[in-house]
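For reference, the structures are reproduced in the following blocks.
In the two complexes below, chain A is the common chain; its partner is chain B in one and chain C in the other.
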Partner chain A sequence: MDYQLFLQLTLTGLAWGSVYALVALSFVLIFKATDTFNFAQPEIMMLGAYIGFTLVSVFHLPFFLGFVLTMLIMAVLTALMEMMVVRPLVGEPMLSIVMITIGLAYVIQGFVGMTWGYEEFEYPSPFPTDPILFGEVVISQAELYTIICTAILLVVFFLFFKFSSSGITLRATAEDTTAAFLMGINVKRVFTGSWVIAGLIAAIAGTFLASFTFVDPKMNFLALKALPAIILGGMDSVHGAIIGGLLIGVMENLAGFYLEDYLGSGINEITAYVVVLLVMMIRPYGLFGSKEIERV
Partner chain B sequence: MLNTFRKLCLALTCALLIFPLGAARAEVGVTDDKIVLGTFQDLSGPAAYIGKFVTGIIKVWTHMVNEEMGGIHGRKVEVVIEDNKYDPVLTKTVYNKLVNQDKVFALIATYGSSPLTAIKGELEKDKVPIISTAASTQSMFDPPNRYLFWYTSSAQDEGILATDFIMNTLKPEKLKLGILYQDDEWGKDGRKGIELAAKKYNLKPVYSPFKRGTKNLSAQVLKLKAKRVTHLYISSYATTYASFLKEANKIGYEPVIIGGYVTVDPRSFIAGELADGHYHIFNHAVRNEGVPGWKELEKRFTAVGAEALLNSPLLPMLWTPLAHFTQVLQNVGPDLTREKVIDAMEALQDFDTGGTGPIRYGENMRKGTHYYRIFKADAANQQFIPITDWHEPSLVWGKR
Partner chain C sequence: MLKLKNLEAVYNDIILVLRGISLEVPKGSIVAFLGANGAGKSTTLKAISGLLEYEDGEITNGAIEFDGVEIHKKQPQDIVRLGITQVPEGRRVFAELTVEENLRVGSHTQQKNTNLRQEMERVLNYFPRLRERLKMQAGFLSGGEQQMLAIGRALMAKPKLMMLDEPSLGLAPMLVTEIFDIIKKINTEENVSILLVEQNALMALGTADYGYILENGKIVLDGPCNELITNEDVKEFYLGTGEGHDRRNFAEVKHYKRRKRWLS
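Here is the complex of A and B:
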């Protein structure tokens, strides 16, 4: 029974960790391409979930069509956000860009509250509700598809950054924007592209998270678990972000079950941060992050 | 000439002496033609949906008093509404504004344990009554504060009622009692209720707390299943309750569930048919019972275009104290003071709510709710059906 419990907790943790991983991936994609940090990613995730909910539940579109339209709308919105909000600040200190993304997060939060209100809604999940049995261990279909989708995205983006010319362009721009520009890379397009791809991944994460629970105006807080995931995996590592997210999902579930009686009910909420602190002491650049060497 | 000047000075001195005495006799917030009341609502914070709901109810009440009743003893009511964003620090600020700047007579229709806790001490100092608060924690009425009247469901009562129901009505052959609760003051009151009842019935319950805002309940659900809990009281919001049902269903865990009063909410049916057949504790009648009190609410709210507010089963929780307060103001008469209102609040017994749920205060009794019923969820019709009569918990507050 104990072994089954452990497996059950691990499997459920992997599913929740997959959501953290997807949001972490969206953070890292922007960071890798633009060398800046977009603090509005959790809110972009939430916005994607609300738009999907509206298209399917309010306008009664078939789920697949609603999902595709959501992706299109999110692509346009994130491109506009980058062009209108962030691009004018290119070349300004990093802190200014970070502050503007925090401001963007508040604007999206306010917009969601004003448009959809502050109540929870049931998300029209496309996944069948019957759980799937693996021996004695159970997983819901929404959880299973989330894990599969995360695994696919991990492979796709690993290959994209490693081998495709677009991926190499993104990495080159992040490494040295001026040099990339002088080499003929369309830096503006790279910036917009990274925001769009990151926005789409965040919207997918929002769809999965809403399928697990509900659409609600506080779902962005859950996505903040992606931050320790990024630090754990390494700020500039795609596979690090994903593995970090998965690890945090599993660890918080295991801690919530095994340590709660001894350390209190909040242990699963702080596990991620405790682990990050421990890892940072040993590997300050994360498990898979690049170690920056400054030569003088 | 000097004589005239002396007379004038004497008249002025008398006027200056008499005027403040006259002013001292008038109660703060009360004039010949109006009573100024205040409230703080979350209009733009995390509980803004509650603020919107309560503000709507206050508007309907104001309309009833001013337009339909023509005021109370010739005075119309005016309600100053301030946004506290559910923030305790901001609540202190807006409280001071309402009391010192707007000079309100009393505060009405408040809620939120942390905002109320922030100003509890001030109430006694300023002698400003709050009629009433729907903050769910025991500390709002225990120990009683002369100026703070409480009316909602007590989680401690609910814990005892849930155990009473299991032991005396369900009488299961196999029983392992458990509680899933939000690890805050409200949830801990529920836990205390379970502890008290467990002592009475000689049970050893399983406690499964979770932090407010937790969405992933898989560890808690697995713990309850692993510890073989057969009967579970849940002290949390409807959406958490629905999340629990989904997670429990996933792993094939099917305890008998008794939800607290906030689970008597259409949002519990987000879980679909999984919500069917479970029990809920509630201190009001629900709309589908068609009691006279609800019919009157339907008429009144529809007449002013506020019918959307009728969809919340919690409407009587806010409306009943306002209706009770209206009766109290009438009973006090034209010579209105805060202390007289408090005495009249204590004196008014058996107020007729039209069957929406009793309300009663008394000397040193600021707990307005004493009676509850158990309901059963009907997911197909999205309704809650009462299955017991009104009754008190077996361990009555004050004698526990």
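Here is the complex of A and C:
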């Protein structure tokens, strides 16, 4: 086997996997904190990419300023979404809340289509386009920076959850809402906070994804690969989501190349789901999830 | 200090759980709140902590006063800030957090500039066993240690009133004694008033100053604990030491004829 090709495929896979991992992380964060699943997360990612695109390409802001502004706008938007869409339903059955997030997903999709139309745009990628050579391994700078930035981001989040007061508060609320109330934690604020953080992570993922593909109203489907990543890693496990995302990215890239000759093209599209099916047969609660898990 | 005035509460708009409860916890005292399963003890505590609205419940009548302030329309976090903490039934420590992190969460309402170390030391002095397990995940603690952690965590909020919901639940008798001793110690040393919900009536009446007995959402009997403990009805139904050696007809029991409570 040509190991350089293998390395190349793995690196590209890791870059895609980073995006899946970030989206998966944003799903898990909301699931852990509020005990409900927000199916609008891929659409929130898409919205982040579109807003960034508009600020930089249409209003000609410098990329970094545009990015920071995007984050601010996304923080406000996700906070509003949580307060207006989900909060009135707190205390209702989980299924009702899940349904309303699916509704929210369609609303965002429609909004994106209405505002920006349905054609693809090229994202003003901040990364230089000339690829980097490691020996004979070629990697695009967008992919390389995606991997590096994701790694940094994940470390920052790990430290945040482990040591900061807000992080510990969030984990406590995630584990037991009633007990959190009794500690004097403002649970509503924590819920909104988890939506905001998840929205920011998703928007960052959108920025990366858009810089090695395009901005188009179908990019939410790419982010849906985060779902097999979550199931693979275990729905309530943060590091599971990350490892699941990376694994799926790498596996679909490798499978797409090595298995294409035997199984036909398009194998990379379904790899993630096949792997999840296999894992579910052996460990129904995912690789890292806790055994008692609610069904969505 | 804490006053419940004719409190009525419903679940799901129709199920009447509390039918007019009045009780009082004087400053610095320990008050026991006894009753069988489903009598409404935990609901009363939830009403005081402001949790009812999150469990589809509602206070329909009456009032709760704490230090002269009406609190029954306040949010849970504001009630904690006023100085009421609750140690919930079944301990409910944060199992995935370490002991230290649990205590940190307990101090959530405190000012950011309070000395966390010092506060933790103060609490750990009551529970030396927890000191050795600070870095351990709370889920791996034994039942008794978890109960201690739950009490310690509540103590981190520097409460004026601590409400304990069945601290003896599922613990060995020796541990129960230990926990009750600690509760008494906290009451005197920290000057924290205590509202103690229990099914272990003997233990609770032995520790508390005053007791209320709740049945079907109503207080049927109250009095100083030394009087309650000699009351014939209490002896028979809660302590199991009544003189009824011969079997009684079920229809005859539970009259509480000796004293009626006219207040509510």
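Please note the rule applied: the second predicted complex is superposed on the first by the 291 of 296 C-alpha atoms of A that agree within 3 Å, B and C clash if a C-alpha of one lies under 4 Å from a C-alpha of the other, contacts with A are read in each partner's own complex, and residues count from 1 in each chain.
Basically, contacts are C-beta pairs under 8 Å (C-beta built on N, C-alpha and C of every residue); 3 or more make two chains touch, one makes a residue touch a chain.
Quick caveat, the model's predicted, so the values are computed rather than measured.
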Chain C versus chain B on the shared chain A, clash or fit after superposition: fit
First, second, both or neither for A:N186, with chain B first and chain C second: second
Chain B versus chain C as contact partner of A:D216, first or second or both or neither: first
First (chain B), second (chain C), both or neither touched by A:V90: second
Chain B versus chain C as contact partner of A:I148, first or second or both or neither: neither
First (chain B), second (chain C), both or neither touched by A:R171: second
Spatial angle chain C-chain A-chain B, Cα centroids [nearest 10 degrees]: 140
Comparison of chain B and chain C by chain A residues contacted: B
Least Cα gap, in Å, left between chain B and chain C after the two complexes are fitted on chain A: 38
Contact set on chain A toward chain C in their complex: 90-91, 165, 168-169, 171-172, 175-187
Chain B to chain A touching residues, read off their complex: 46-49, 183, 209-211, 213-216, 218-220, 222-223, 226, 239, 242-243, 246, 249-252, 267, 270, 272
Parts of chain A lying in touch with chain B, wherever the complex brings them together: 1, 5, 8-9, 12-13, 16, 113, 117-120, 122, 129, 131, 138-140, 212-214, 216, 218-219, 221-222, 252-254, 256-257, 260, 264-266, 268-269
Residues of chain C defined as touching chain A within the complex: 49-51, 54-56, 75-77, 79-81, 85-86, 88, 92-97, 101-102, 104-106, 108-109, 153-154, 157
